[in-house]
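Letters A, B, C and D name the chains as they come in the text, with residue numbers starting at 1 for each one.
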C-alpha cells in the first residue's frame, strides 16, 4: 500500500522479512515432525541455531533460479551445514507458502479484528450517548419520521458487529495448512507429518489439497474485508450527507490548524469520510481479482500468485487504515444539536402524516381515501407551516377526528417509546 | 433470466404472482398478530376469504400511483370490504417487501441447496468409482506427479461441500424480517406485532432495521451463489482441459443426434462446460452490483431496488441452471482410461524426479546439488524415454544409488498409498 | 430484461425472431456473393422466396442437435428444396453469428444514439433556460462559491455529449463481420466472398479473425454503454442530492395521482433518480462479465456465448431505459428558485472567502497569513450572519482593505462574468 | 506497485517528487500567464529561481494543515520571498492537481505506448517467421482445421495494434487541463489565463469543468490499460495452453540455471504467462474502482482521490510490467516444430471433415444428410487412423465421390492458400 495509507503493523506481516520468517517457521515445524516420526535424523536443533533470513542472498539466488522458495531454501541450506540438506525434505514449495500464508492471513485478521472491536466500542458509546437525541429520519433524502441520533449509531453498530462475527468465522475458514506434497498425495512424506506440523502451528488440515490450498478460502478472506469496507462506506456516506451545509447535523473532526481548501478559507469538508468511500471502491475491485483466482487449472497453476502478492497486503492495510480512520472520526465527531432540532421542525409537522393516516383508518375510513385526504392536506402545506391548521380546517378530517385527537398526534414522543426496546434487543445479542 | 437458461421452479418463486402472494402472507400474518394483540378488531378471516392476487388490477393502480406496494394494498382493500381498511395497517411498504423477500430468498436457497446436494452426491460417486484410477497430476499444465482420477473428483467434492455449508449458513443469515415501520422505530405498531408476525413466518427479528433490512444480508446471499459458480467454474475448466484432443481423459456427455459444429462434422466440443464458465463470469458481475447497494443513504434510499429486481432472480435461476447442468455432465461424463494411461506414461518416468531428488538427499547429498543432478538428467531426457537409463548411467547418481534403488523409485504405487487416508478424512468430515 | 424495465424497440432487436432473421440476411448475402463469383449455381432467388423463420421447428431440431445454428440452417434447408443444400455452404456457425451480431449491435447502438441525442437536447435546453440562475456551488457537500444552475446542466451536457461521440466511434468499432470459415483461413470459400458479402451488409472486414470476431470489440460495445450509465448516474445523483428536504432546489416530476410512500402520505421521493443509480451498478457488473470474455482459448472457445446471450440484450435495454427515463426527468424537472436563493444566502457571505483571500494577497499579504486571517474570521462567523461585519471589524484586515473594498467583494455578479464564455466554448465544440 | 513488479520509469512519474515537480510546472505556467496578461506583477523569474521541492517540509506542513496542496504551496511561498504570495494566486487546488495529472497521465501513456510498439514489433516478427508453419487450429480445445503458427501471432498482433490505436486516442482524451477556479466559473482569474497556461503545457481546455476535470476521462485512461491487459491475457493463455505437456508446441523462455519447482526437478512451467494472467485480473479490478469514481457529488467530492492515488500508479506500472514481460516471452519463445507436426497429424485426417462435407454438398447431397454421413464416418474413426479408409469404403460416400476426389481432399495445402492474403490485409492496415 502507498505510504500515505500504510498501516505499519499490517505492512510488517506481509514484509519479505516476515514472510520468509513464516516460511522458516513452517519448515522447522516440518523438520521437527519428521524427526519425531523418525523419518529423518535429528537435525532441527542445529538448523534452528544457524538459520538466518538473508534477503540479499535470497534475491541473488532467485535472480538465477527464478523461484523464490528455492532461493529461500538454498539460502538456508548453505549456512546450515550438512544437516541442511534435510531442510525442505519431501516438500513442495506450496506446502510452505500456503501454510505460511495461513499463518499470515490469521495474523492479519486477528489484528484487524482487534481494531474492529475498538471501533465498535466507539460506535456503541456514541449510540448510547445519543440514545434519546431525537432527530429526523430520512428516506430517499426526504424527511420521513423522527428517529434518534443514537438509533442511527446503533444501526451502524449492529452491521459492524456482524462484520466482527464474519471475521471470526473467516479466521476459522482460512486457518488451514497443507503438507501433502507436489499434488496432494503425500507421495514423499506421510500424512502424520502434516498432522503433527499443523498441530504445532495451530492450523487445521485441508481435507483435500491439490498442490495448493483451494482458493475459495482466499475468497472468503477477501469477502470479509470487503464487507468491512461496505459497512464503513455506509457510515461515512451518512456522515457526509449529514455534514452538508444545509443539514449540518454531524461533522467529522476538524483539527486546529487544519485547512479545508486552498482557495476557500471558510471550508470544513468531510474529507476523511470521502477518502474512506473511495477506499471501499478499491476493496470491491480487489475482491473481483481474488474471485477470478479460484478456477486454477489442473492440480494448480500459479496465476493466482501475482494477484495475491499485490492484493492481499494492500487490501489488508487498507482495511486496517479504514477502521482506524473511522474510529478517529467517530471519536471526534461533532454533533450539532441545534441543527438537528431545526431540521426536525423544518416541515412543520408534515412528518406526522403517517400517524394521521392511521388514525383515520382506525376511525373507519378506507385506507385509500384516508391516504388521499392526508396527501391533499400535506401537499397543500408544502413550504408553509400550515399542515396542522389545514387538517383542523378540513371538513372530511374533522368528521373523524376531533381537535384534541389531531393535536395529540403532533408529538415527537410517539417515536421514542420503543427506542429502549431496540437498544435492549441489541444488547441481548452481544 | 432468458428462456434458454431458465429454471422454472426458481423463476416461479420470483414471478409477480408469487411475489404478491408472499406479500399477502406477510400482511395476513401482521393482521392476525394485530388481532391477537387486540390492536385491531377481528378482520383477518374475512380478508383471507376474499383476498385474491389480481395482477392486472395491480398494474392499473400502479400506473397511476407509481408505487407497486400501494397498488397491491389497494387492490386487496377494494375487494375485502370495510374490514379491508386494516389491511397494511401501521405498515410501511418495506415491512412487507423485505419480510417477503426473506421468505423468497429462503425458498430460493433451500431449493438451490437441495439441487447442490444432488450434484455433490454425483461427484462423490464418481470420486469413489475412480478412487484408484491412477492418472497424471499436472501443475502449470505440465506433468507433475501421479494422482488418481478419483482424488480429482474428491477435491471438487470437498470444495462444493463447503458451498453447501456456506449456503446453510446463508439461509440463516437472510432469514430476517422487520415489521418496524417507516424508519424502524415501531412508531405505529408495537414490537410485539413484529415478534408475533415473524414467529408465524419462521423468520428472525432484524436487530436494528432502518426502513429496510440492512443490505449486507443480500451481499451474503449473492456471495453464496457466486461461490457456487466459482466451484463449478473450477470443475468445468478442468473438464475442458482434460477433454482437449491431445489429452482426451474426460469428455462431457455427447448425445445421440447431437452435432458439434455446423462446419466440422467430426467435432465433440465441451460446450456445456464452456457455457458454465461464462455463467460464472455473469455471477461475478452480479455480485459487484449487489455490493454497491450496501451504502444506502440515511434511513434508506431505493437505489438498491432496481438492482435487486434484475439481479436476484437472474442470479438465482442461473445458479440453479449451473448446478443442474453440471450434474448432468458429471452423471454422463466419459472417462477414457486408455488416454489416461497413455498420458501417465508420456514422459517416460520424468514424473518420478522428485522421488529421485529425495532419495539422493537421504543418501547424503546436499539438496542443491541433488537438484542439479536430477534436473540435468531430466532435461537431457526430454522428448526421449531415457530418464531411467540416464540416471542409471550417471556416475554421480550411482555414487549414491544402486541400480535396484533407482529402479525401485519408478513405481506408480508410491503415489497411491495415501489415497485411502484422504478419502477417509473427507468421509469423517461429512 | 425484466418486463418492468423493458424497452420494446431494443428487445425486438434481440428477439429470437429477429436474430434468426439477421442470420438469414447474412446467409442470403453469402449465397448471392457465391453466385456472383460463380462458386455455386444460381439458387438464392428460390431460397429467398421460400425461406421462413420457424422458431418452433428450429427448437425441435435444436432439441436433438444441441446446436442452434445447425437447427436454423436445417429448418431452412428442409423447406427450400434441392437448392437448399447450398444454404450455409462453406460457412461455420460463427461466420453467421458474429456477422449477424455486428448488424444487431449496430442497430442497437444506432437506436441508443438517437435516444441519447434526444436526451442531450433536453439537457441543453435546461442549461440555456437556467444559464443565469445563480445558485450555490458545493464541493464536499459544503457551500463553495456560486455557480449558475444552467452551468450545472451544461456540465452534464458536456459529459453526455462525449458519450454521443464515444457511441459513434463504437458503432465504427463493432461494424466488423467475418466470413472466413472454421478457423479464419478461408479454407472453403475465398476471401472475395467475404468482401462481397460484407459490402452488401455495410460492414467492414475483420483484419484477422479466428473462428470468431475478436472480443475486444464487444468490450468496446459494453464500455460505451457503461459510460452512458456513468454519466446518467452523476446527473441523477445530483438531482437526488438537490431534492433533499433541506436543499429543495430540484425535484424530479411527481405526477397527479402518484403516491410516494405507503405509510407517509406527505412524501415526494426522487425514486426515478434512485432507480437509475441502481441501474448504473448493474451496467458496471455487466462490463465485468464481458471483459472476462476476451481471452478465449485457441482459435476460440464458446464460454463467451452464454455471457453475451444474457448480458448484451439486457445491457442494451437497460441503457435505453435509463436514457428515456432521464429524458422524462429532465423534461419535467421542477426548479425551485426560492430555495435556490435561500441556500445561496445561507452562509451569509462566507462563500466570498476566496475573493477576500485573493484581495489580501493582492494588497501585499503573504498568502499563508491572508489565509489564516480569513479562516479565523470565517470560523468565528459560523452559524451567524456576521462574516462581513467581522471582516470590517478586523484590524488586520482593515490594514489592507477599506470598507468599500470589502463590501465590493460581497457581490454575486463576480461569479457570473464568465458564464457566457463557457456556454460559448461548448457551443463551439458541437 | 510492489517492488517485485515495479517498473522504475513509470514509478518515477508518480513519485511524490515528480508529482510536486509537475505541480510546480503548472503553477509557474499560471504565474507566467498572469504576468503576460498584466494581472499580477512580474514575479515568476524570481520564484522559478528560488523554488525547490522539499518533500520533508511539505510533509511537516501537511501534518498540520491536512492538505497536501496547501502544504506544497506554503513550502514554496516560504522560500520565495515577498513575490511568493502570488504563488497559487487565484487558484484552487484542483486547478493544479488535475492539470498536473493530465501531464502525468500523458507521460505515462506515452511511455506505455512506446513499450507497446516494441512488443508489437516482436509479435509481428514472429508472425512473419512462422507465416507458413502449418499447425492445427483448435476450437473448444478440440482439433478443428489447420492454420499456421504465424497466423496465430498475426491475430495477436492485430488485437494489440488496436490497443496502440486506443492508447493514442486516449492520450488525446486525457490531455485536458483546467484553470477555472473553485467551481469552474473563473471567479478569480479570467479564462485567458487558462488558455495561455494550457497552451504552454500542451494541453487542451476542458469544455466544462466543475472544481475538477470530469472523471469520465479517467475511466477512458483505465479502460485503455485494461484492454492491453485483456489482449496480453489472451496471448499468454494461449501460450500456457500450447505449452501443456501433451501439446508442447510453444514454450516460454526457460533460462540456464532456472528451476521450475522446489520438489520436481524436471519441470519447465509457463510461470511468466501465468503471472500475466493474474495481473490482467488485477487490472480489471482496478477498472471497477475507477468507474465508481465518476458520479461525484455536486461540483465535486474528493472520494475519487484515494482511489486514484492507489490505483493509477499501480495500474500504470503493472501494465508496463506486463508489456515488458510479454516482449521478453515473445522474443525468447521456443517453437517446437516436431510437436506441431505431431499434433497436426494426431487425428489422422479427421480435421478434413468439413472439406468432405462441402464436397458432398457440391455433388448434390442435402447438407443435413451429408453431415450425417461424414459424422458417422468420423465418429467411427475416433482413436484410429481410419477416417480416410472409412470414407473410401463407405458406399454412400462413394456414390458421390471417387477415390481420387476423396484423397484429393486430404491435403494441408488447402488451408494455406489464403495466408498471404491475410498478412497482406494486416500490412495494408498499418
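Assume a contact is a pair of C-beta atoms (placed from the backbone, for glycine too) under 8 Å apart; a residue touches a chain by one contact, two chains touch by 3 or more.
Please read all numbers here as calculations on a predicted model, not as lab measurements.
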Chain D and chain B - chains in contact with each: A, C
Of C-D and A-C, whichever chain pair has more C-beta contact pairs: C-D
Relative orientation of copies chain B and chain C, as a Cα rotation angle in degrees, nearest 5: 180
Inter-centroid spacing, chain C versus chain A (mean Cα positions, whole Å): 32
Chain C and chain D, separation of their C-alpha mean positions in angstrom: 23
Shared interface positions of chain D, touching two or more other chains: 70, 73, 88, 92, 138-141, 144-145, 181-182, 188, 240-241, 259-261, 263-264, 269, 271, 274, 277, 284, 287-288, 292, 297, 301-302, 354, 371
Chain D-touching residues of chain C, taken from the complex the two chains share: 70, 73-74, 77-78, 82, 84-90, 92, 137-141, 144-147, 151-152, 154-155, 157-159, 162-163, 181-188, 190-191, 205, 207-211, 214, 216, 219, 223, 226-227, 230-231, 233-234, 237-238, 241, 277, 280, 284, 287-288, 291-292, 294-302, 354-355, 358, 361-362, 364-368, 370-371, 414-419, 421-422, 425-426, 429
Chain D-facing residues of chain A, complex: 1-2, 4-5, 64-67, 69-70, 73, 88, 91-93, 181-182, 188, 240, 255, 257-264, 269, 271, 274-279, 281-282, 284-289, 292-293, 297, 301-307, 309-311, 313-314, 318
Residues on chain C engaged by chain A in the complex (per definition of touch): 136, 138-145, 240-241, 243-247, 259-261, 263-271, 274, 288, 292, 338, 343, 346-347, 350-351, 353-354, 356-357, 371, 374-375, 378-379, 383, 387
